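For reference, the structure I am asking about is given below.
Should a chain be cited, it is by its letter among A, B and C, assigned in written order, with residues numbered from 1 in that chain.
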Amino acid sequence: MKQFYDFKIEKIKNLSSKDKNLRKKNLEVFNKNGFPNKKDEDWKFTDLNKILSQNFKNIVNKDFSLKNKKLELIKEFEHNYISLLNGKLISSNFSYEEKNKISLENYNYNNKIIFDKKNSLNFLNDALATGGFSLEISKNYKLNKPLVIYNHFSNSLKETIVNYKNLIILNENSKLNLINYVNESIQENFMVNTIENIKIKKNSSLSNIFINNSKCNGYFYKYIQSNLEKNSNFENYLFSSGLKFNKIDIVVNFNEEHSKSSIFSALNLNNNEHQEIKTRINHNSPHCQSFQKIKDVLSDESKGVYQGKIFVKNNAQKTDAYQLSRALILDGNAEFDAKPELEIYADDVKCSHGSTSGSIDLNSIHYLKTRGIPEKEAYKMLINGFLIETLEKLAEGKLKNFLIKKLERQINGY
Amino acid sequence: MLHIKNLEATIDKKHILKGLNLSIKPGEVHAIMGPNGSGKSTLANVLSGKTGYETKGQIQYNGESLNDLSTEERAQKGIFLAFQYPLEIPGVNTNIFLRTSLNSVLKAKGEKELDTLTFLKLIKEKAAELGIDEKFLSRQLNVGFSGGEKKKNEILQMKLLQPKLSILDETDSGLDIDALRIVADGVNSYKNTENAFLIITHYQRLLDYIKPDYVHVLSNGKIVKTGSADLGMQLEKTGYKNLI
Amino acid sequence: MKTEDLKNTKEYKYGFTTEVENIRSPKGLNEDTIKFISNIKKEPKWMLEWRLKAFNRLKVLKEPDWQKPKYPKINYQDLYYYSAPKSASNKPKSLEEIDPKILETYKKLGIPLNEQKRLNGIAVDAVFDSVSVATTFKDELTKKGIIFCSISEAIQKHPELVKKYLGSVIPLSDHYFATLNSAVFTDGSFVYIPPNTKCPMELSTYFRINASETGQFERTLIIADKGSYVSYLEGCTAPMRDENQLHAANVELVALDDAEIKYSTVQNWYPGDEKGVGGIYNFVTKRGACRGKNSKISWTQVETGSAITWKYPSCILQGDNSVGEFYSIAITNNFQKADTGTKMIHLGKNTKSRIISKGISAGNADNMYRGLVDINKKALNSRNYTQCDSLLMGNKCGAHTIPYIKNNNATSTIEHEATTTKINEDQLYYCNQRGLDQEEAVSLIVNGFCKEVLQQLPMEFAVEAQKLVAISLEGSVG
């Protein structure tokens, strides 16, 4: 296969020689392994190397010059925001919050974190990452309004990869609602490879929502590692749709007792979109609860993949873990693949998973039609109902209404 | 209103209706009784235009052939089917479903669609008539409803959509006596000289409350006997055996 | 089961050795060994060529390492690939000619080969190390045109059938152990059911590993011709030894139009002692092809033995309307490891598959379900239902479920469910309150947990299997 990428450390400015060497080593590891393919258990259903080679001629890394981009703010609900351009922090606004309770800085690359040693995209990120942010919420502070992270990308990203890292720390007894928002309609193919490190301390709560406003030709991979202390709560809502390729890879580590984590996902895919969710829930401590509910609606030649693993260590008694993935396949060329996995070493636990895939229920369609609802409407209604169920647990309010609207927009077409 | 001539229906290579004839005029109540497997539900499905059946014969409705009309077109023209087993549709809010349904029917009739407020007022009224708690309306369609609640929901939909021909498929099954009375009252209050009913049932029970003008006995895909309301009572005593 | 019975069976009761004089191939895996095997079996030339082709392929294949149960490297040059009782080197023509010691062995195993003494009408092919020593009820079967004999005999007498079907489901170069088997297989059973014939009795093979330092590589081929039916049972035991022994079998099933094959296994190879020393490595490739329309293949397995079990009885659903089933109980105790499951490959239209897997893990054992359900784009209106339940006893053991699910089709439905639980305390308490002791109660509850699978087994086997379930979990509660 022809080499379709060419990454150079030299393109990153202002590196110390030590940093440069370290990055070179990481790049060597990546170059040796290349982009992942189906031989990699974590990519069992997806040959990323092939997908990229078919869509890119020569992917490169660049040093981006910072330009300000005009922000189009969400009007539906009041919020704080952080704005990133090509992964770099360009502006922020916390006008709804108390001063000195929130610290926001550029990501400090001197803080090395060890990630998945088998993940070649992590090595690539370690080699090339620049930009990103560190966000820290003070002890006992609960944000009044949600925080939106506007992810913008410039039009000059054709055949380019963007790598960056974020760090999010919630100190004891704090609370944050995050919305990751992509509003781009770039027609050129580009890549984004992100690592996010999340620390949730005692009694704290983070909700993390991913949503896209429009379609663009991005190929995204995001690796999220989260570490949870006692009595904490980590919720994720993944609605991001509209990218050519998207994989969100979430690791949740329950390091102390009595914590909770949930992951809800609703994806409506069409054309040849490919979206993948991978979750790994590590129950390393007793009395924790985890819940995943993944729903995909697949049309045309789209492909949805869910790989979810629940791991329960032998001391993690009283674990309550449940996972469900369901897919509606609307066209003969669409595909849904799943690998729901359990690895359990403690006996006093409740762990189960379910996975179903198949066509839409024609009896339900018939029922709706007998009430005078046209077939096309009936389909939309069922699809909407199928996906919107994932929002059940979210508190009523402007944010929820906003998400419902976005989801409906995805279903009705952009 | 409805003229069925020599109707045959086959599904999965099983020949179920084998030449059925039936005529219904406005204002009439017809009951179809018959043992299990005689084709009662098939008749309801075929009239509603459910796909999957191969049919032969004629179905005329208000002078128009139904054969080529889709399920929703039939519904929009005033044919209503109350299901034996109403489907649970998770994630779909009952109110939103009812409004979409009513507006589709109104739109097809060329009438003005209802805005949210007008609709809510109307639905609350109708629900109150049937003793349905408002809370049901904000729940997911039929999800977690009891048998009685589902059937009441079907009658609510009937009263809302105001059909000309209402087909009730085993609406009495699974109902306790109170729910049965509410359902029957709902039907009776909607009865007038313009609307017709086709009540499909296994037992006489429902017919104690909704008095039919005609009772037909369906057996092996054909109507084998037609009579007045007395026929139903007679069947209750003697069973189907003597007739078929 | 009564407590006294349990005590009597506390140890692996099939662990004895039979002293018979053996003929062995020289140690080691090479062309000479393969020629030795082929020669001693008086095989035709095409068969030897087939074996050598497999051997050449084996040279470039790598031993797989993706499976969870790791095992020490096997020295393939330090094994015997052929071992047979001297007395059986020419297959005995009648029971009188069989070495009385071997007859005694099978009697001890509860498989009397003497037809007169058998009431339950099961025809048995008995495989002792590398050779088939006896096949019973042959005459009766021959009358119906059914062929039931050792694979060695089939190669000689029915070469056209063997040539046509051998390797047609598991190709020569499938994977390391399957290819190894193709090169060195020594014996096994062959079944052919002619068109429109219902086999009048259960057919069964009983495998026994006796000799030490010997690998057993048997090969089974079952062909159900159009409109036929056969139920086939397989049982296995081995002596207690502190070495690990390799058992790498291949089983191929072919069902043509409207045919049905039911294949049941009760695997009770020596599992090693409670410290994990010794035991059989059971690396088996089992695969069935539903080649004809409306055909059906049903696998049922009760896996209680072996140090490591590693097998995935699979179905390739090629024919339209064909059906594949997999019912499995895998029990691991002490240091046993099981990595088992199935593959259901849907290629034909309206194909259906059903998977019921029950894994029970106790002691320090590891139990894994690994499965693939793949519904092809062309397999319209197909369905799969999978249920995988695991039961854990204690927190030193593990249960692992890895299903791979691929749905490539808008008209097909896949449903998968899995749960992991422990024995319900309330149920135990209820049983105790009714006077059952802990072990009896556990045995009762575990048998209940496995019921869906046990009821798939033929009557005689089901009773045996229930006892095995109880014995295998000996000492796991306390």
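One rule holds in what follows: contacts are C-beta pairs under 8 Å (C-beta built on N, C-alpha and C of every residue); 3 or more make two chains touch, one makes a residue touch a chain.
Because the structure is a prediction, the values reported are computed rather than measured.
Listed here as common contacts of chain A and chain B: no chain. Contact counts per chain pair peak at A-C. Of all chains, the one whose CA centroid is most distant from that of chain A is B. Note on chain placement: the centre of chain A and the centre of chain B lie 48 Å apart, centres being C-alpha means. Per-chain CA centroids place chain A at a distance of 44 Å from chain C. Separation between the centroids of chain B and chain C, computed from CA atoms only, is 56 Å.
Interface of chain B with chain A (complex): residues 48-51, 70-72, 74-76, 80-81, 83, 86-87, 89-93, 97, 100-101, 104-105, 108, 140-141, 157, 161.
Contacts from chain C toward chain A in the complex involve residues 66, 377, 390, 392-422. Within the complex formed with chain C, the chain A residues making contact are 41, 44-45, 314-315, 317, 327, 329-359. Touching chain B in their complex are the following residues of chain A: 361-364, 366-375, 377-378, 381-382, 384-389.
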